[in-house]
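Each of the two complexes below includes chain A, the first together with chain B, the second together with chain C.
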Partner chain A sequence: MFNYSFRWNQAFASLPQMLEGAWVTIQIALLSMAIGITIAILLTVFRRSGNKLLSGVASTWVEVARNTPALFQIYMVHFGLGGFGIHLSPYLSLLIGIAFNNAGYLAENFRGALKAIPETQTRAARSLGMSQGQAFTNVVMPQMLRISFLPITNQMVWAILMTSLGAVVAMNTDLFGVTKALTDRTFRTFEYFAIAAVIFYVITKVITVSARLLAARLFRY
Partner chain B sequence: MIEIENVRKSFGPLEVLKGINLTVSKGEVLTVIGGSGSGKSTLLTCINGLEPIDSGRIKVDGTEVHAKGTNLNKLREKIGIVFQQWNAFPHLTVQENVMLAQVKVLKRSKAEAAAEAEKQLKHVGLGDKLSVYPGRLSGGQQQRMAIARALAMSPNYMLFDEVTSALDPQLVGEVLDTLRMLASEGMTMICVTHEMKFAREVSDRVAFFHKGVMAEIAPPEELFGAPKDPELQKFLAATH
Partner chain C sequence: MKVSIALGGIALAASLATTAQADKLDDIIASGTLRCAVVLDFPPMGSRDASNNPIGFDVDYCSDLAAALGVKPEVVETTFPERIPALMSGSVDVAVASTSDTLERAKTVGFSIPYYAFENAVVASEKSGITDADGMKGKVVGATAGTYEAIWLEEQVKSWGAGEFRPYQNQADVFLALSQGQLDATVSTMEVAQANVKTGNFPGIQIVDKAPMVPDYVALITLREEYGLINFMDLFVNQQVRTGRYAELYKKWVGEGEPASLTIPGVYR
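== the complex of A and B ==
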């Protein structure tokens, strides 16, 4: 029988707390992306380096990040490393877990993007006297990041959504964690999570729309 | 001066340069003609060290290009090269294309580099395209931009590798005019080309390559007027 009566007022009263949680979620996603992109560029360079050890490390990273559940990755950072005596806070565990996942996916995107950049671009840069490193940072990498712009946006959306996996490491300050704590106290699960869902939706929508606008401005060539 | 002594180079089992000897002196315009696969383009990429050689020696102003201790990046500042495919950097404006290596390699200030870029771009007739992205340019304009990009490094030598081969026929003229202008200004140039008329007009000497060998080298009147090598005779008969 359906005899659940909605109590929206109570849930809406907690909106400020939830928005604070949303801000933490955005922070984690942004940080994890900054770290993820940086590492992904390194992994890309490693994979192209020709050094067996470096490319092995990079390939392993990409394989694990892309072929195991994100939940598992975050869990391993928190409890797995705990086994070695490395105890990280829920916040750090979640951040590192998501950054690990981001780096793996982005490195794979970057690899695809590099295929679209002709080898002759590097040759032209080298023939102007640039070193291999200068050619990569000034000619290849900017093009790689532009080609990967939409995949990067997708990963950013994914990073926002992955913060909810913090629940598994007792993260309680992000949007999902705050919402969970509120429902535990009030049992108004549907109302709170419906509001949280709308907040998640608005955040990711803002990201995709502003990315599209930004792309139109940035990539005029 | 560019001195090439007995240079040999193979790609796998295929020997593309079979002992080339050649000296290009300051201010000279040398054009290199020959069928595809004759090794002429490979020679250019060997001169600026983009390709290693198997044996022999190439010296540019006394510096041995393929010696162990040679700073190739430093050497390449002196030797501009422009390829068949112009390779504009698509994410940079025309002016930024010409500025990049000046700033990163020659360590010029942005203002200096911008001024030099503007000067060179005006020189090749692109003074009104500074802030345009290369994607908006025609092939001929992009190729002239690539020439300006190389010239902005103030090179002592310019190498041109079939720079008109990838262009629509109606765009070839503007690029050849740019090369003619450079030649008349006294730039030392090696041009690999299929444009026989151009080779005849601008060259001090013309070299004919065939299957990795420099079969004949002579001033244009002589090489085109009275070719001695039978392969050259066949080649000229086929291209005229």
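== the complex of A and C ==
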């Protein structure tokens, strides 16, 4: 039997604090995506380079990022590196952990997108006098990013939700961290978590809807 | 559509919650079992022995309470943050889980009179050069999220206007971070601090001072409106002290010496 009297006033009074937390969550997600996309493009280039060492690095990264829990990745950035004397703040640990995860998933998205671009385009570009690098950056990469635009927004949503894992590295300024601190203090778990869930929902919904509208505008053929 | 279903669910839960008014004390006696939420990564209050059975001060205290009610005890393991959801969802009847009796929490749950009191210690990493409680000022400090000492320490950091507070999820992470040098100092109960320094799992840490805070009085908790049960628990705690059982449990789990006084001079309750 669920035996609980909901009292919302205390929780609503903390809304400004929670919205500040939401802003930190959005910041971390945006930064981690910017870093993640950059690294994912590098990993994609590494994998196409034909160099054994570089493609090995890229494959290992993708394998670890995709096949271990994000919680573990974030924990290892903080406590794993901490064991070697590299001390990162909770904010940086969380940011790097999510960026690491993003890069792995996005690299796989990019690989799928590349499969959709005919090899003949590269050859045509080369025959026009472009170098291998020019052909990739001017012809292939723009299409790759276009094809993987919606998967990228999925990863953005995932990044927003992953910020809640920051609690394991003592992160207390993001939305989930702020919410947890409030519930520890007041024991009003259900009210605060319900509000946090609504905020998370609104943020991710805004992202997916605006991405879809943006895609419809940008990618008309 | 999805939103309206979710809102409907919350409204339904809220309306169900306000109609249930059975007396928990009668329910427990009728059911023949007392289900206690106990935190089992908090030695010496709660932990597990080599064969994975729950042991500790709080576990014995739950058994005593069950015996007083004439029912069987059942220990349900929870973490500190999960105590309240466990209570609210009805998966436990009471929490015997070293819950600090703050006024803010009393707005949500019902507290008995205190059944134990902790002294808190300042534990610092040797590298930090901290030698007393004042030395923490402006440093990176942390504690286990959701505990009395964490709430106190966070307030301290706010009042310093410098330094940083980090709430880790469990005791082990706090001491790991301290041992690695990610934290300069932590505040934890004297019992936990001594146990962790003694194990040698966390090199480079030492107890440097008592924390300058009011002793952490902890109480049994149940639902706020269960006055019958709260009244029973108050009397039970009183009897535990009266009969010498409190001192006996202290000796068994904490060690030699006098257990902390549970009365405050100059005031009732």
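Simple rule for what comes next: the second predicted complex is superposed on the first by the 218 of 221 C-alpha atoms of A that agree within 3 Å, B and C clash if a C-alpha of one lies under 4 Å from a C-alpha of the other, contacts with A are read in each partner's own complex, and residues count from 1 in each chain.
To be clear about the criterion, contacts are C-beta pairs under 8 Å (C-beta built on N, C-alpha and C of every residue); 3 or more make two chains touch, one makes a residue touch a chain.
Since the structure is predicted, the reported quantities are computational estimates derived from the model, not experimental observations.
Asks: Answer with first, second, both or neither: which of chain B and chain C does A:121 touch in the superposed model?
Replies: first
Asks: After lining up the shared chain so the two structures overlap, which partner does A:69 touch, if you call chain B first and chain C second: first, second, both or neither?
Replies: A:69 sits against neither chain B nor chain C.
Asks: So which one touches more of the residues on chain A, chain B or chain C?
Replies: C
Asks: Would you sort A:112 into first (chain B), second (chain C), both or neither based on which partner it touches?
Replies: In the superposed model, A:112 contacts neither chain B nor chain C.
Asks: Which of the two partners, first being chain B and second being chain C, lies in contact with A:139: first, second, both, or neither?
Replies: In the superposition, A:139 contacts chain B only.
Asks: Quick one: classify A:87 as touching chain B (first), chain C (second), both or neither.
Replies: Second partner only, chain C.
Asks: May I ask you to decide whether A:130 touches chain B, chain C, both, or neither, giving the answer as first, second, both or neither?
Replies: After superposition on chain A, A:130 lies in contact with chain B alone.
Asks: Residue overlap on chain A between the chain B contact set and the chain C contact set?
Replies: Dual-contact residues (chain A): none.
Asks: Mind pulling up the chain C residues that touch chain A in the complex?
Replies: For this pair, the touching residues of chain C are 10, 13-14, 16-18, 20, 80-81, 84-85, 88-90, 102, 104-105, 107-109, 142, 145-146, 150-151, 154, 164-169, 173, 176-177, 180-182, 223.
Asks: Along chain A, where are the residues that touch chain C in the complex?
Replies: 1-7, 10, 78-79, 82-83, 85, 87, 89-90, 167-170, 172, 177, 180-181, 183-190, 194
Asks: Contact residues on chain B for chain A in the complex?
Replies: 48, 50, 73-74, 76-77, 80-81, 83, 85, 87, 89-91, 100-101, 104-106, 133-136, 146, 149-150, 153
Asks: Sort out for me which residues of chain A touch chain B in the complex.
Replies: 118, 120-121, 123-131, 134, 138-139, 142-143, 146, 220-221
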